[in-house]
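To keep things simple, chains are lettered A, B, C, D and E as they appear, and every chain counts its residues starting from 1.
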Amino acid sequence: MMSLNELKEMIEKELGALAFKVDSEAPNLIIINVEAPNLFEVAFKLNHMGFDHVKVVTGTDYPIEKKIELVYHVSSYTNIDLAKVIIALKIRLDKSNPKVKSLVKIWPSAEYLERETYDLVGIIFEDHPKLERLLLPSDWDQIPPLWKDFKIKTEGIDA
Amino acid sequence: MIPKPSTIKRHLEAIITGLKYIFVKNRLTLRYPEMVQLLSENYRGMIKYYMDRCISCTLCARICPADAIKMYTVGENKLPGINYMRCIFCGFCVDICPKEALEFTNIHDLAYYTREEQIQKPIEFSKGPPKPIFKKEPMKIVVKLDKSRGLKYERT
Amino acid sequence: MISLDQIIRLIFFPPIFITIVFPGLIALLIVIVFLIWLERKIAAKVQLRYGPLYILKPLGGVIQTVADLLRYLFAEVIIPRRADKFSFIMAPILSFGFAFIPIVALPISSKYFAFKSDLSLLVVLALLTIAPIFILIIGWASDNKFSFIGSLREGYMIMAYEVPLFLSVLAMAILYNTLDIIEIVETQSKWVWGILLNPIAAFVFLICTFMMTARFPFEISEAEQEIVMGPFTEYTGIIFGLCMSYSYIKLYILSLLFAYLFLGGWYPIVWPFTLNPIMPGIITLIKGLIVMIIGIFLRSVYPRFRVDQTLRIGWEGMFVLSIVALILSFSLVILVK
Amino acid sequence: MSEDKFMQVLIGPQHPGSGHMRFIVKMDGDIISEFEPDIGYVHRAVEKIAESKRYIQIVPLVERPILADTANINLGYILALERLLGIDAPPRAQYLRTLLAEINRIHSHLYGLGIHGIMIGSSTIFMWCFADREIWIELAQELTGARITYSYMIPGGVRRDLPNGFNEKLSKAIAYMEERLKDYEKIFINNPVVTARLIDVGIIKKDDAIKLGIVGPNLRASGVAYDVRKIEPYCAYPEIDFDIIVRKEGDAYSRVLVRFEEIKQSMKIVKQVVEKIPSGPIINESYLKLIPPKLREKAEQTGIWKMPAIFINLKPRKGEAISRVEAGRGEVTHYIVSDGSPNPYRFRVVTPSFRNLIAFKYTMPGHRLADIPAIYGSLDYFPPSADR
Amino acid sequence: MVFSITRSLKSFGKFLRRILIRIIEKRPIRDIRDWGISYSLWPAHFTTACCGAEFAAASAPRFDAERFGFLPFTSARQCNVVFIEGTLSRKMAKAARMVFEQMPEPKFVIAMGACPIDGGIFWNSYNIVLAHNILPVDVYIPGCPPRPEAVARSIMMLQDKIKKMGGAKYDELK
């Protein structure tokens, strides 16, 4: 059994300077902040450590800072110790040019998750095998719906 | 392909099981318009509103996830009315009401010809949901679980 | 001036009576209405429910199919723009017609038949094999991929069932030493029923019947979850009604044929059926109905095979078994002689 | 390669075997050479709407997409929210959550089995599964007051206590179900036509399953013993004894068998839950004291608890939380980013069906057209939950 | 020459059709037709969203909608009811419209669940379409999802409507 802190240290040692911040949050989360250019290499190393699949790919819009935060939640099926932990791999991208290298080559399980993130958040994944609209209708011409400046209607409590 | 004996046995088993069900009394059907299941007291059906208990706190309208409950101005008060076109029957409004002015009924089997009649303003809302119309008085039944037949319907 | 007597005589004139009344059009319609209802009802019973009911509650909704037919009758007939109009309309009618014609060759009793031929059995079978060809035309004419795949599957199925079916019939013909249905039945009344003489041939014939009429587990050309409605995907209204009844007609004829070949036809004739030459037909019909009910009952037991598996069953199972049936017949004939 | 060699077949969305999606299939004769699922036909923007809703209002919202398995997805959301709020449910509530989650797993698996049955043509197994599902729905309705959209779990507890006579009903239901499962075996599981259709069809090897990141019974049928209930036990699962069903083959048939065995395991869990359930409150103390005393007294008698008014304005701490839960179809992951306001800043839910979607693309090629429904059904894919 | 023949044939066909419709719309035949249609409502296999689960439950043994002659059937061409089972997304709305157009007259629409009626909990979503905006809805069933009993009730209401108002609306031919 490996505790969360031990694992955190191990990851810090493994990644070295590639990750600029590693946090752990109880009960099961380790957060790794990465610069966009290093992402592919970090992902490669994590995959090598035994984190073999992606659970979630999330894009979050921060309009004030003009950034989009991209998070890969990664975990393991094969290694029971690692399976107990979820790694959040975080990258901040410029909202004006949200481009990042796709991780499908490392984690094939990210294929549809990345494609959905492209669809709804507008992040462009380079080298993705099929970067097309997935959930939205193919003739969607507005800004990506999960951006904060895409407003949906709301109603008050009065009729 | 000469079938193996086990295959023949499995074919026979399947056919015999099918045949068994033809001759066993086992129907599970609730013959709806003739029989109506009495849902339990806590069933989250359509909602009845007691105008006299209401203190116009707007909690129900504010918790409604679907924005189905709206506050209407009736005289000086603001009273809730419901839009069944949107209501999702989560029952949050009933559960959060501090004065028990809203109450579950066990009516949930209605359909409408038009959209308009599904909006209930406070006064209609306080009259309770419309009673479903039956051509013949239905038999009221309760559902019992049964070891051999699964569900059993008993007259109340 | 035609008298009532003449009209009655005209109605009971065998070629007319057999085509129009029994076992022809009217009986066929009643049987189909009853059979489709029964199919839904049996499935419903196995599936713990009622099935069609409220349309005629005292009789368990027996006229459900009548309502469905009425709806088909009054529904709009849509012909897809890209379809080949002529063959789109004609093919179902012709397939219905060719499936129906063999009825003429079916005798009601040894004294009452439309025509007597030494080859009546062959006539029935030959006419039955023409009908599926029009299914292929339907698939081509509809210009729909599902119709096309469905009719191709029907084509494959012909390969699977036709040879074993003919061989099993041949086995019986060798046993009875005739191809005349009347003689076959007469022979059985002297010996025992064919199903006891050559159970293998009976089994092969039965399975091939189910294949031919798209009963489960061989409901492949119309496989709902795969290719929607197969060849009939594009059909609406009354033409679809024809398409739907097409497989039931074949089931009807093949079941009657099964009764003639293996269940002793109209024998044994007991008292109420001795009154006139038409009555024995009812015995055949009852025997045929039993076969049909077995066919429709299987729906509630089996899912469906894949088309390649059916072909394998046809060639590796049924074909081999039909050869065995042939050998059995030969040896029986030699043994008796 | 010439274009003529391939035929493109579009299956769905109005097709008896497609569900709420479309398959773009390239056929080489009868063999599938390319398979592309086209989803989004039920995309209702749960994640965007959630940003405009209060935390408590998201409880019914997350249930809607995954209608066949509402309790589990609800539980996942509540676990994530409770992590943000820093509260916990009392032990009795934990057991009640487990109870509902397992009842729901049973009827979710029956749903999947039934749909799979009809996909390969057996209408009987469809009808049987949907009939026996009603028994579990009836039980859940007794407990929660709704047929399938339970909205039963709320932050800090559950809404209703165990009704009187529930244990007896449950034991009857289990006894009935165990008998019925034997008939299921005879007519469906062991049916030679079914085995012919499913064995060696749609094989996902262990390595591929890991690589594609598929979840739930599909993963376990490929030989990976991964079950969140064991890896990261939540609610009452640490105190309950059950097995993970694993099979090695990875074909459609083994996926059916895994689900079938899991129904039995779930019944075992349910039995233990009602035996072991402790007494006590069903809502966290801190919320309990906010309920007016008069209503609290009444609730203690009837077992129907009211919500405190604070639920409208739940304000979790700033930060983020992730939770995972083993739902009927596999692992559900909820990820909430909070900025301290009463609405979530970003709400992300990845449903098992969405993660299983990738399996279509990589399993189908090489099979026949007739295998599409057989494999589709065996993956127990529920399109609305994938599209959200 | 050929054209004029086909044209006259066509107009003759139209004339025949009009006469046929006249005859059909007369009392006894019309009553028989409406009776047949009302007991033979076949919805197409077209699940738009999650209410399909409850729709399936309505045709499953416990509520058995087949008692009313209600048989979910394969292709739109052979059906006469389209059930909007839950949310219509933009993509699905196109399909729903297409399915409706593929069906032969007379045809009916039932909107099931809160979503197609007024959006339900998804009323402010960017991707939904309301059923009455694209299809002529005959019966609305509120609820999210509606109980199977409500589905049975909607079938009965539709039967009543057909018997009262007449089954067919051969609009474009009149």
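Methods note: a residue touches a chain if its C-beta (ideal position, glycine included) is under 8 Å from a C-beta of that chain, and two chains touch if they have at least 3 such contacts.
In this text the structure is predicted, and so the values were computed from the model without any measurement.
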item: For chain B and chain E, chains touching each; value: A, C, D
item: Most distant chain from chain C, judged by the mean position of its C-alpha atoms; value: A
item: Pair joined by the larger number of C-beta contacts - B-C, A-B; value: B-C
item: Most central chain, judged by mean C-alpha position against the global CA mean; value: D
item: Chain centre separation (chain B, chain D; CA means) in Å; value: 22
item: Distance from chain E to chain C - Cα centre to Cα centre, in angstrom; value: 33
item: Touching two or more other chains - residues of chain B; value: 14, 17-18, 27-29, 31, 62, 65-67, 88-89, 151
item: Overlap residues in chain A, where contacts from two or more other chains coincide; value: 136-137, 145, 150, 152, 154-155
item: Shared interface positions of chain E, touching two or more other chains; value: 60-62, 64, 67, 74, 91, 120-121, 124-127, 144, 147
item: All pairs of touching chains, each written as two labels joined by a dash; value: A-B, A-D, A-E, B-C, B-D, B-E, C-D, C-E, D-E
item: Sites on chain E touched by chain B in the complex; value: 61-64, 67, 114, 117-121, 123-124, 132, 138-144, 146-147, 149-150, 152-154, 156-157, 161
item: Partner chain A, residues of chain D touching it in the complex; value: 39-40, 43, 45, 47-49, 52, 209-214, 219, 224, 226, 231-232, 322, 324, 331, 333, 335, 337, 345-346, 348, 350, 354-355, 357-358, 387-388
item: Of chain A, residues touching chain B in the complex; value: 155, 157-159
item: Chain E-facing residues of chain B, complex; value: 27-33, 36-37, 65-67, 83-89, 108-115, 118, 132, 151
item: Complex contacts: residues of chain E adjacent to chain D; value: 44-54, 56-57, 60-62, 74, 76, 86-87, 89, 91-92, 95, 98-99, 115, 120-122, 124-128, 144-145, 147
